[in-house]
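Per-chain numbering from 1; labels A, B, C, D and E assigned in written order.
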């Protein structure tokens, strides 16, 4: 997540420079052929382009609404994880007054669950964009905590070695960490440290965590439907391709009212203007695309590492610990 | 679900080739009559087409929003099934410490319920599109697990023969499998293996499963309203039909400023451009249509077979089993 | 609900034929005056019509979104009724193991509640459209079960005569049938057949049914706000009225480039084109209108009679009955 | 709420006549100056107006979506009040079998709460529109029950004099009526007339009523944000002001192709057309505005008085009363 | 929140005067060069601007929808805080009949929690707009209670000194105040002043408060995504920059039909019209921006200080206190 005022125009231009090269070529080619070689028949009526332009605006708008919703929902889910975690902390403490060690076990295993979940969320998927050349390049400006240290090292801070070995052997680690929480609750109920009512209440929080995890996995594993992504891409490419052909005639007409050195040369203006318009349309699409997958390790990710750390600090303080880990800090205004 | 980066232009063109033939015909016919036979009165004002084009863009946009929502909701419902299933697994295990056999019965019957439900979801409906020729053709690229093996065979893996016979005799198998779960819970309560509080808590999860099943059936059985689908179809067909007539005059005007071999022949350009525009509009509609019904066995389905398998793996691991079935694998990037 | 592939163009044309007559008149009149009597000053600038056309598209789009939402919400509510009913069935059976007669009483009275509710839903309201001449005509193609048999007859199948007399004397029958359910639960609690926990749990399902009923009544009794419906109607009528005036000039201009018999006669084309465009806009509006009220007994209704029957079948099977009523069948692809 | 088929064109014209006078003036003034005094430079390019017209359509559309949502949410909240009230009725009766007097106290105090709440909802706010001259005028066609009789008189029907005195002394009467309900429940629990489980269950319904009341207060006290309302107003006024200037040239051009008495006089047509278009745009805005605040005592209000009466009838019938108050009746199709 | 009828045009103009200066410069410059220096080639086709104008309207519309949703959700969250607080008040009183001192402790600590939360919400963030020069200037018209008095002073009114010292030492004060509530509940359960069922019920309200707090923090800490804000800014600036260039030709054409002193001078009209249009577009964007962050201490904030005071009054009245603090009053129609 970018937490500054806004991206700078300069960094935006650098980030989208490959697009600019590309639209420059498709803007310059027809202009050269039309003006340089005199192929006047290359011009197409503006009406065709305008019709397509409106439809494209609809489509890009639709896509951006959905990608915005994906990111926003992802943030909501992790917000719910934060909220339920605070409840987990107080319940683990106040339902188990006589057994602070079990409280600590439940809370620390919760940190392990958060860790396993965020590592799973940051694994790559085929449809994600963070390995695009532009995005790959941009990664030097920030840090992805899940790529700095191994899952094993991180989990070892929270759970005993034996449990760690078991967890690493399972397919979905977060699921089985939470399953161990339920097992511990079952033990506490058997040993009458929790009454039936408290036991079921805490099982409900376990259920909540399964819900949050499942929702987070849904965003991760179910991309913006590929059929829509595909057709959107066609639309925008077609529009950018036809745009300069549509502009030729429009600028050519201006020659009539122009005098002096520019007379007869107005068509060259097609190049900057087609680049400008194609760039804003394509940038809009690209911005949407890089918001689509909120857990891909890009600069626009939901900051799940930071949130996990916040939870850790809050819960440790609840346990009365004073040696707290520091909050994660942004680098170049980017925090993950 | 397509889990690759995107569909290829080529496979898209092959898939939509029938549309292309069709728009080619309706684009070529008026052009031939206008240019070839000189029927100049066939041209209609572009303004008519532009007005219709904007309205069509609205309508297609509206439809695609709704079809997207249908698929997304379907995925949410099955995500909830996954989440509740994990809770079912932990509760079945941790509420019934002394009776692991009953735990297994509850968990295996749950697999049976998942199986019955996904078979019901993949049954054909009159309004579905997967039996269109284009979609039928495309089916050779992927596998629909529910068409590979019979329901009976699959259910037999999870429930005893007697129960299977009863279940196959009922109208809605999934409903009665879940009803058997409730019966088992009632038995456990009678035998004091569950206390009142735990019994009701598990009945609530049964209620959740009935909710998820009912929601899934709602998406399956209540199509995008046929009256809207009908009028949308009229709109788009009318637009594609009128488009070339509207373009005739626009391209004819270009003849004035063109020299050489193209002079007088600009009208022929109507054909490629009307095909292009009609194709993008129609493709958009068709993409929407093939997203409409997320359980029809098409390449864009919600992957309910894969998700059911994921649940099976997670729950068997919770029971301590180690001989786990493999995760389902995509074929040509398509997984169902 | 229409459960076929789509409405046929032919039946659509028949259904909207009154609209066609009407737009034909308002399209032909100005054309006759302009071309026949030479009243050239009747033409108005296309720009005025185009501006209005865009605004009208917005408004019709807005309305259709809301009417779609109303129908979809209605279906969700009845889906919830179905889900809660299945839970009601299992709970009535598994909480009352020792008293199958009470189980049957609770389940049969539930069928009575469903019956009373669907009869209430199908009563006419002033703002509904099913008594329009076009819709009235169309009713011969399908059956409305609530108009075939009286409420009294239907209720008598499920509840004793004395209870029936009382229920028929109340203002809102469904409310008081559900209130009787709660009374029965209170009796069962007093007689210790339900423990406190189970009693309250079933009272919650009663609460759910009150919620579902109330939501269903909300859709029924709170129409799409009349002030919006009114202004929408003005907009679309104004647009259709002005459209031919705006087209006159546009088609007249075509005369310049036309030769032969059509020269000077292009204005006559205003008639088919204004009819065509007015028809699609008006049809869109009319389709929206006939989706607005999902319980009015129209061909686009939510199929609450069919769903009630489905519930009856599922719950009777749960009670072990084998003499089940048949599922309702569509007539001409329409099922209510 | 208007419960007829639709508003009549005539009453709509009367209601908006001040707008019509106003747009007539701003339409006539530039036309007179242009045509009468020959100030040809007053004409502005249509393109400017068209651009603004599209943006205005967006903005008005946005506003109407939000105002529609506000009214619809208000109806949902009061629907929930109705649903929870029915549950309150059955629980008060069936949890307190041995103490029908307490049942009656709880139910009658609930009527008092409904009364206090609807009186609070119908108090005026600075941003409401019901005191506009047009709306004030229209009030003669219907009745606002909360303005017919004082709160004190109405409350006295339901609660004892002493309680009434206390309630009238509090800041938020509905809150403290509900607080008394909780107090009575606490008494009943202390006296063992409710067990712990039933007590907490009824406290939850109290919580629900606090939620419904708070949501209702939210709609009442948090207007459609004034900054949006302000900028919307500017937009629409600017558009209506510029519209006739933009039309001047468009109609002037028609003079070329017109013969006879109308030649040279086409510009006068600007007046009716600018009035027509300005009127539909402004009416749309005004309709939105009068939907914005669903509790202001306007003809488009959510009918909370009628709904409160419905609840009273249903709950009195549940208590076995037969001397029921009549349902509220609409006046001129308007019911509040 | 502004609680008057609307902002005045005058205060709006003053507030946006920097924008006006800016669009005046970019409107005047090309006009001077075109008309004054005769650089006719500066004109660009209107079509380019129109295309961009539509796309810009889409984008601004999208942004305003999201910013509206953020403010509305913020109000919903604080509405829920108000609702749950009233429940907290009645439960604290009616579950603890025998211990009014503990009731008061729970209620007063709740006021402390509200105070800590609203101070946290009003802390500045990098992306907020309230420190813009225009907004900073406007602050003299209203009061931000959280900037008038320190958190320590305010908290000291509600909690004992020792508790205050501890709370001020924690990272997230609101979290730990709520954690103390849970601790007190745990004590009461240990001392048998609450039974298990009541204890868990009140823990659930604690959970609700954690949820509300977390949601409030989500709105505060997760801005409208900076990548969207950035691209929106580019779009609108580009549009305003190109607009006067597009208008040059349009107004120049009007010279043909104008006589007298204005002949040849119509181009100067570009300046007022480009200022007008740029101003409405930019104002719309700026209004959206100042709605984006509902807790930044701007005139459009959700009135959380006022709401906290309302809660305090309601709850003190529930405790039977009569010496109530006064409701907060708006200043110049602004209340925070």
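The rule is short, and it goes like this: a contact is a pair of C-beta atoms (placed from the backbone, for glycine too) under 8 Å apart; a residue touches a chain by one contact, two chains touch by 3 or more.
Please read all numbers here as calculations on a predicted model, not as lab measurements.
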| item | value |
| --- | --- |
| Separation of subunit C from subunit D, taking each centre as the mean of its C-alpha atoms, in whole Å | 25 |
| Centroid spacing, where centroids are CA-atom means, of subunit C and subunit E in whole angstrom | 40 |
| Residues of subunit C touching at least two other chains | 50, 54, 58, 197 |
| Category of the chain touch graph - line, ring, star, complete, other | ring |
| Ring walk, subunit A to subunit B and onward | A, B, C, D, E |
| Parts of subunit E lying in touch with subunit A, wherever the complex brings them together | 38, 40-41, 43-45, 47-48, 50-52, 54-55, 58-59, 62, 66, 125-127, 170-172, 175-176, 178-179, 182-183, 185-186, 190, 196-197, 200, 203, 206-207, 210-211, 213-215, 217-218, 222-223, 225-231, 233-235, 238, 249, 252 |
| Subunit A - residues contacting subunit E, complex | 1-7, 9, 12, 46, 49-50, 53-54, 57-58, 61, 64-65, 68, 71, 75-76, 79-80, 82-84, 86-87, 89-91, 93-95, 97, 195, 197-198, 201, 247, 250-251, 253-254, 257-260, 262, 266, 269, 273, 276-277, 280-281, 283-284, 287, 290-291, 300, 302, 313-314, 317-318, 324, 327, 333 |
